[in-house]
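Following this line, the structures themselves.
Shared between the two complexes below is chain A, which pairs with chain B and chain C, respectively.
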Partner chain A sequence: MVAIRLQDIRKSYGPVEVIKGVSFEAEQGEFVVFVGPSGCGKSTILRMIAGLEKPDSGEIYFGDDRYTDVPPGKREIGMVFQSYALYPHMSVADNMTVSLRLAGVPKTDRRKRAVEVARMLKLDELLDRKPAELSGGQRQRVAIGRAIVRDPKAFLFDEPLSNLDAALRVETRLEISRLHQQINTTMIYVTHDQTEAMTMADRIVLLDAGQVVQQGTPLELYRNPANLFVATFLGSPKMNVLDVAAVSRDGTTAQLTMAGASHVSVTLPSPETADPKSIGVRPEDTRIVPEGEGVLSGTIISAEHLGSEVLVHTETAAGQIIAKMPPDFSAHAGDTVWVGFNVARAHLFDADGLTINNHARQ
Partner chain B sequence: MLRDWRFWFFLPTLLALGIVVLFPTGYLLWMSLAHWIITEPGVYFDGLANFRTLFRSASFYDSARVTALYLFFSTVIMMVFAMLMALALQHSRSGILRSAIVLPLVIPPVVAGFTWRFLLNGEIGFLGAWLFPMVGLDVNMLSNPSGALVSVIIADVWSRTPFMFLIFLAALQGIPRDYYEAVRLDGATAVQEFFTVTLPLMRSAVAVALLFRVVDAINTFELIYVMTKGGPGRATQTLSLLGWKTAFQNYDLGGAAALGVVMLVVTTISAGIMFARFMRKA
Partner chain C sequence: MSGYAGQSIWKSLGRAAFLSVAVSFVLFPILWLALGSVKTRNGALAVPPEFIFQPDFTAYTRIFTQGFLGSFQTSLTIALTNVVLTMVLGVPAAYALTRMTGKVQENLSFWLLSVRMAPLFAVIIPLYVLFRGIGLLDTPIAVALAHLTLTLPMAIWMLVTYFRSIPIDLDQAALLDGATRLQVLWIVILPIARPMLASVGIIVFIFSWNEFLLAFILTSRDAQTVPVAVASMAGTMSFDWPLIAAVSIVSMIPALLFVGVAQRHIVSGLGAGAVK
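Here is the complex of A and B:
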């Protein structure tokens, strides 16, 4: 069942169109992550779902009902703000049950509900504290609690982890995922962090410049990016992208050349496919190899030892390349090395940056 | 201590504070304990005689009552107006409207007093001689006791509301938008929004405004002086006007100083209470 549906939503601020016709559906219970660079319009879309902004055109449906003009208070939505927006003058319990108080629920019932939700979020000890007496992670949980208390039709998260430190971010990410499994309510989550998107989403909606660039499961987007933007946005470290030129074509086989490299032979989906203009290889499909087996030679700029792996950054004639190597790999800045690719897993892009091959079978 | 170089750095501040605050205050205290009437020869220490006289005089209690009424009504009306205007204009970008509201603030109280005195004048004033009679209000506001008090309150509200408006406006604009959005999502009406978010988050601004207001109201002098001189009778004679009369009409400097000390104590205590009540918690 479709829980939330946007239909050709457009929005301009003055002469600038920030949302250029976005359509999308979230299924009941689905965890959808809107991800994209700053200014891509993802927060604006979330705010329109909440009713805090009005689209200039297009429709918003909750289930089968048109909600485009319904005021925010009537949408039964729980929202977690980036700043948490906890009222400094209220205790944790009061903060969590504001919506109930406004609706005229008696104090004892409110307290009961606060205790119930607090237990779920491990906040029971903190109910009588003020937000100023809580840590960042605890405030974050109170904000989530406030959304849960009213038993909403959907949860909206607006970059909820950006004020937390790295360790807490990982922990809270897991907690939100667990919460989603527990209450199984539709969640729409906005972030600019591709790691959050990859780890939490049932489905990622990748936005750029006010448009949906691609949507699908995290793995679909990772393996089959529709274009260069998606390919380089998802994945850390970023995909290596090198300019290439086709020197010969024989049906679906093309010989590609790049600056400072021997030829690379790739397979194209059909004889009609346009010539690839760039090739993308993820760092995990890139290797530092013995001379003779590699495609390009380069100089190591730095080697990042992460314990579980080594990220080797090399400067080659075709550009900078990152290779992910096993933890015992020894590399030193200044060494001259050879770089090889797993060509079978390479992504090919045409002159417009659109993907020309895909990896559905992988 | 004199060898410590740090002493010489705060010496200028200490001197300035001594000259402009400590010395005059000390002098006031001394005056309040002195028999010092200009028309009588000799100035001498007289213990608490000035205070005894003050607390036995009917005009002191009368002035205290007038001051309390004046303080209460002007403050309440001012707060309501200032709050309403700040709420109405918080999202407005019109500088003209805001400037128009702030205009009375830059008009000296003496000029404001004269302006209102002429506006309300029963023979030539626009309000008193023309507008009030037209709507059937045949009163000469300034010449009847309660009318006069109402008049000075109106003039004071007109003149000092902008200051409170500015404090409130600044406080309102400092409230993060997220709070309003969160409470709107929780289904708040405009009134609920005001009492759940706006007012609690403006608490310290309201306390500061009140603090200024109380001190300002107790010390108001020139506006009332030019409008009514404290009359008719003693209807608008506040404590500061009583002080002026005592010093410059009765030439009793000691008595006026005693009144000054009482006002200082009252103002300090009320400011202290307000500070403790609102500022610390906020």
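Here is the complex of A and C:
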């Protein structure tokens, strides 16, 4: 069942069109993550779902009902703001139950519900504290609690982790995922952090410049990016992208050349496919190899030892390349090395940056 | 070590001396007034001034017997009416100005500020003619309304600055919680803005309580405020210094009480923890 449906939503601020016709559906209980660079319009879309902004055109449906003009308070939506937006003069319990108070729920029932939700979020000791007396992580949980209390049709998260430190961010990320499994309500989550998108989403909606570029499961987007933008946005470290030129073509096999490199042989989906203009290889499909086995030679700029792996940054004639190597790999800045690719898993892009080849699930 | 300690002693001595001078500069007139209020008429004007004398409190009893209570009542009515009207009109206006955007809001803000730029004399005569026309001359409401023309723009500007510092996320969170705009103002904004509301209340009250010129022009007999009543005592035939001093001393009390009560709401750090 479709929980939330957006139909050709458009929005301009003055002469600037920030949302250029976005359509999308979230299934009941689905965890959808809107991800994209800052300024791509993802927060604006979220705020339009919440009713805090009005679309210039297009429709918003909750289930089968049109909600485009319904005021925010009547949408039964729980929203967690990036800034938490807790009421500073109210206790944690009061903060969480304002919606119930406005709905006329008696005080004892409000307290009961606050205790219930607080237990779920491990806030039961803090119910009578003021927001100023809480840590960042605790405030975040209160903000989530406030959203849960009213038993909303959907949760909206607007970059909820960006004010937390790295360790807390991972912890809260897991907690939100756990919460989603527990209450199984539709969640729409906005972030610019591709790691959050990859780890939490049932489905990612990748936005750029007010448009949906691609949507699908995290692995679909990671393995089969529709274009260069998606390919380089998802994945950390970023995909290596090198300019190439086809030197010869024999049906679906093409010989590609790149600056300072020997030829690379790739397979194209059909004989009619346009010549690839760039090739993308993820760091995990890139290796530092013995001389003669590689495609390119380069100089190591730095080696980041992460414990579980080593990220080797190499400067080559074709550009900078990152290779993910096993933890015991020994590399020193200044060393001359050879770089090899797992060509079978390379992504090929045409002159417009659109993907030429698709990869089956591996 | 001793040099350091010595320096610190001189420093604190210097500071103490400076503060004593500053404090006596402020307090001396009040002390003089208090002393004058418990002297006889001749004693109050004696040269050189007497510092040892038999205190005489009859001036204070004369406040009651010579009809000054009415002036106190009028002043209080005007000041409190003005505070209430300023708040009732100023708070929603300031809130609307900060939360709604557009050309109208910009122009309205400037127009409000420009009211403060006009010299007082530019409004007195029109106000006089207006109030005479509608028969409000020499009534407390006329003075309160005249004060409102000055205190309302000032209050709006002070509140606008404060409301602007309250993150708009709080409004939106409350709207999502199901609040109407008025409920947002009542449940979220006003409790947070309590320190500023108290400050505005104090400033408006003290302005109204002390204001002379408008009260002087717009009243003649029935609605005389304390400052006007005191001024009218300085007649050509007699100069009742102890009574003037006693009224002045007593006139400080309501303002002090009001400030004392309102000040308790001025606590800093209330806004902490709303948004990170």
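Here, the second predicted complex is superposed on the first by the 361 of 362 C-alpha atoms of A that agree within 3 Å, B and C clash if a C-alpha of one lies under 4 Å from a C-alpha of the other, contacts with A are read in each partner's own complex, and residues count from 1 in each chain.
Here, a contact is a pair of C-beta atoms (placed from the backbone, for glycine too) under 8 Å apart; a residue touches a chain by one contact, two chains touch by 3 or more.
These numbers come from a predicted model, not from an experiment.
Placing chain B and chain C on a common chain A by superposition gives a clash between them. Of the two partner chains, neither chain B nor chain C is touched by A:F229.
In the superposed model, A:R139 lies in contact with chain C only, and not with chain B. In the superposition on chain A, contact of A:Y61 is made with neither chain B nor chain C.
Which of chain B and chain C touches more residues of chain A: that partner is C.
After overlaying the two complexes on the shared chain, residue contacts for A:K130 are found with chain C alone; chain B is out of touch. Looking at the shared chain after the overlay, A:F329 reaches neither chain B nor chain C. Common to the chain B-facing and chain C-facing surfaces of chain A are residues 50-52, 71-75, 77-79, 81, 83, 85, 87-89, 98-99, 102-103, 146, 150.
Put simply, chain C touches chain A in their complex at residues 167, 169-170, 172-180, 183, 187-188, 191-192, 269-276.
Within the complex, the chain B residues that touch chain A are 176, 178-179, 181-188, 192, 196-197, 200-201, 203. By the touch criterion stated above, chain A contacts chain B in their complex at residues 50-52, 71-75, 77-79, 81-83, 85, 87-90, 98-99, 102-103, 146, 150. Residues 50-52, 71-75, 77-79, 81, 83-89, 98-99, 102-103, 130-134, 136, 139, 146, 150, 163 of chain A touch chain C in their complex.
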